[in-house]
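In the two assemblies presented below, chain A is common to both, partnered first by chain B and then by chain C.
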Partner chain A sequence: MGRKNWLIMLGAAIFIGVFPWLVMPFKAVSHYVDVMVFAGIFSLVCIGLSLLMGYAGQISLAQAAFFGIGAYTSGILTSKFGVNPWLAMGGGTVVCATVAWVVGVPSLRLKGHYLAMATLGFGVIVNIIFAEEVNWTGGPSGMIDIPYLRMFGRKITSDLAWYYLVWGIVFLVLIFCFHVLHSRVGRALRAIHEDERAAESVGVPTAGFKVRVFMLSAVLASIAGSLYTHYVTCLNPSSFNLMWSIRFVLMVMVGGMQSLWGALVGTVLMTFVGNEWLQVFAELEILAYGAILLVVALFLPGGIVSIGGFRRKRRQSALEGAGT
Partner chain B sequence: MGTDFLQYVISGITIGAIYAMVAIGYNIIYSVTEIINFAQGEFVMLGGLFAVFFAGTLHLPLYLAFICAVAVAGCIGLAMDRFIIGRARESSVLSLIIITIAVSILLKGSAMLGWGKDPYSLPAFSSGGPIMVAGAAIQPQALWIIGICALVVISLTLFFRKSVYGQAMLACANNPQAARLVGIPVRYMVFLSFILSAAIGAAAGVIITPVSMMEYERGALLGLKGFGAAALGGLGQFFGALVAGLILGLAESFCAGYLSSGYKDAVALVLLLMVLFLKPEGLFGNREAARLKKF
Partner chain C sequence: MLTIKSIHTYYGNIHALKGVSLHVSRGEIVTLVGANGAGKSTLVNTVCGMEKPARGRIEFNGEPIEGLMPENIVRKGIALVPEGRQIFSAMSVEANLLMGGFVHRNDREQVRADMDRFYDRFPILKDRRHQLAGTLSGGEQQMLAISRALMSRPQLLVLDEPSMGLAPLMVKLILSIIRELKEEGRTILLIEQNARAALKIADRGYVLETGKVVLQGEGQELLEHREVKRAYLGKGARQIWDA
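For the complex of A and B:
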């Protein structure tokens, strides 16, 4: 990963490190630590989705389903079979990777609209399973009494401990993903996004790469789901429905899907919008999401992080124009 | 056993006709613009709820409510293209998908504001009890649904095959620039496709409301199943959509009857996935032509 990304990461790490100490002294905003735990968990999903959308150019409307598979695998293994939570988390990633492979191999042959519909259909099916398999998942009334996560022999219960655990994982994942992007794989992904046929003609195994990125995004969503399970300790199918898949797409779009930092910024912003600032409007929330999604897709396709880079991009496209 | 079977066939055909009409809505827009409109299902919901508004709140006669609801939905379809999709015509497929999803959320949210979260019903189109055939009961409304669906399929097929407008619309899909060169007003044809598609979706919504009620969040699932029918029949194929819609409806009805009613919504979706994976061009589509299209 480049020097610029290391600098941004250092800045982000410092900000994340001191954030709780900035908000905790003030009662009105002290619960922002809790909101940021959710933001961190959702960031894991969105980093994966950003790789898939922004770098491989494929859309998935099934991320909430993978998030849910991770969550329910953890929930069921730990509460019904007494499996160690970390082991259960690993189990969830294996399940998700397998499912993503089974679904991904045929559906990534499809493009654009068909792929979106295939992932959409898959997501809805998974949600129906969550609601119907009452013996395992508790059905629509939900699943409760999921054990806490333990680390070094101690239960992790405080918001602050969760905050540092989740964001620590987010940064590890970010470093991993930047390494992936700056390797052959990353260049291949960008080539696929630019022009799939051209990439294929110079020997990039496009299908294989797309499936692997899809699996990676599913695994990240699964880890996020497991963390979510142990943080909230109760599960309900409505947390993993189509609206959540769309929310994840929205988070990535708002921040900017061409950049992992964009996914991070968008996720934190939209989590605050959803959990905090739009609570006043309750019923209107869904309208606000639609409006934000529409405005971003129409007028700011590069997301928030593209605002500063506007001029550079224009010069670049002018150069490209001169070249052709 | 025999009676049950017949009963499931009847309810399968009824709901299948609805899916077929939703599928036809997708087909019209797709035929002209190669866009898949993810908001298609919301027009079905809006049709039903607007009919409830006109018939229940304004006390219009049922046939007038039907016409008004379809007309309002057509206007919303037109506005959607005029103010939103039209601006993004040059965008990537990814952006267009996201834009139509955003529109569907907006429509759903507005419906929730307007009608609340309760399901609404309409009186059946004609009074009278069910007709008994070999022990199975056929609601008169089911006959209305099947009849209107057949009417829509036949008139659209004729429209696209025989009329100048229909031919002009198809030309826009094949090659918009060439169509413009021979004097076809492409922009108006696209408007027309959105109006038609929204209106047919809304008509499906009005006729199903007396049978299964309508609420603000029904749109997404109806839209998804309708897309299943469109894909199974082959995108752009009107007759294919009809057959595929009936297949989906029957499969769903048999699953609900013999296997599990909880999983009945999953049946159409599993079929959708299987079609997309195994035969993306659909049952009646042309494999060669499918390769050239941008799905």
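For the complex of A and C:
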């Protein structure tokens, strides 16, 4: 993990640390802590998706489904079987990793965007299961009575406790992912993204690496889903439909998929946009999302984090150099 | 070392290789010349595992390797310098070399030592090791691509059109590097459109035409062959440059 990333992380950690104390005194914005808990949960999904999109060059439209599998696994195991929530969370990750492997192996062996298609179908199927398996999931009317998460023998109920728990996990995951990216594995992932054939020619098992990144993204989405379950303590299939998968992709794109920081910035911004500022559009919300996607794709292909420009400039000079 | 026995490869309906057989013995440079679309690159891709042959056998050191995944073929000891170089242009020169040693995951010291050897050999790469590989000139990129392939410590080096798109002076340099590699006793399969240059440095050559080997023989002998002269060198053409 480079010096630059440590510095950014320090800055981000300080900001996250003081954020609640900045907004809580003001009634109008005190609920921003709650919004930030959601933003943190979604960040976990988007960090995984950013690895998949930015480094393995693949798009998954099933992140909401993995998020949902984690959520329902946690919900069912804790409320119906009385399993310890942390164990249930682990159970969710195992389920998601297995499912991702099953979906990923055939679709990632093929070159091109087969994963997007496979995950699109898979996501829809999973959502139908959530809605139809009424005995297990409660169906469209939802699942309630999910117990709170406990830590050190105490229930975690306050927004503030959740806020620090979720963001603590986000930072741990970020540190883990930066370590992965700066290792031999990360170099191989960048190589695959740049030139798959060249990566193959030096002996990188490209399909295997992509499957592993996909599994990691599914596991992160599952952890996020479990946290979500215990935070909101009720589940409804509509939180895990295709629209949400698209939103996750949008969050990563808006922030910038070449960097994990982009995923973080995009998620926080889009969570506020979606939960707070776009409410005025009501039914037209989806149009507003389309507009945002269009503007980003046309004018800011590198996402918000590219506004600083140093990243793009560096790449530009590389390309100019190659032309001579 | 490498024996290809009548392989057939298809792209969909297109029958790209129609029963090609050839062999490369240890310490030899064997060249494969042919026009565009003759099937040269298909042959390379089939040997390196990126295309699956429909029929036929490919043996490397007596073991069949057809149908293996590319990464396993690299592990067996065949390294490819791909057509058009295909270096990782947004990664540093050093990262490119490290990628070349990818299959030696447990031997960091060897990878480090190999890298230093290439830095000694091509000091320009050492000077630019922290630069992005895309900023190198074409010839330097080719040096990097060759070094990257050699980082896997191959027994057989496959070069796919190494002179393509390079200035004549750079072509000369790359060919002299290939000649040096030969003197070190490396085994090389050289794919070239530049038939004259390739046949000059090769021990043996094969001429590929529309998916079939139409001629084979020693390099010098092919160079003199009437058919080769007519088809690839231009009969009675003035020798424009001498490699």
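Keep this in mind: the second predicted complex is superposed on the first by the 307 of 324 C-alpha atoms of A that agree within 3 Å, B and C clash if a C-alpha of one lies under 4 Å from a C-alpha of the other, contacts with A are read in each partner's own complex, and residues count from 1 in each chain.
By definition in this document, contacts are C-beta pairs under 8 Å (C-beta built on N, C-alpha and C of every residue); 3 or more make two chains touch, one makes a residue touch a chain.
Here the structure is a predicted model, which is why all the values come from computation and not from measurement.
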> Between chain B (first) and chain C (second), which, if any, makes contact with A:E283: first, second, both or neither?
Replying inline: first
> Is A:R154 in contact with chain B, with chain C, with both, or with neither (first, second, both, neither)?
Replying inline: neither
> chain A residues in contact: does chain B have more, or chain C?
Replying inline: B
> In the superposed arrangement, does A:A199 touch chain B (first), chain C (second), both or neither?
Replying inline: second
> Where on chain A do the contacts from chain B and from chain C line up?
Replying inline: none
>> Which stretch or stretches of chain C touch chain A in the complex?
In response: 48-50, 69-71, 74-75, 79-80, 82, 86-91, 95, 98-100, 102-103, 105, 132, 134-137, 141, 148-149, 151-152
> Okay, in this complex, where on chain A does chain B touch?
Replying inline: 53, 57, 59, 106-107, 110-118, 120-122, 124-125, 128-129, 131-132, 242, 246, 249, 253, 283-284, 286-287, 289-291, 293-294, 297-298, 301
>> Per the contact definition, I'd like the list of chain B residues that touch chain A in the complex.
In response: 35-36, 38, 84, 87-88, 91, 93-95, 97-99, 101-106, 108-110, 112-113, 220-221, 224, 227-228, 231, 260, 262-263, 265-266, 269-270, 272-273, 276-278, 280, 294-295
>> Going by the contact rule set out above, which residues of chain A touch chain C in the complex?
In response: 184, 187-188, 190-191, 194-195, 197-207, 314-315, 317-319, 321-322, 324
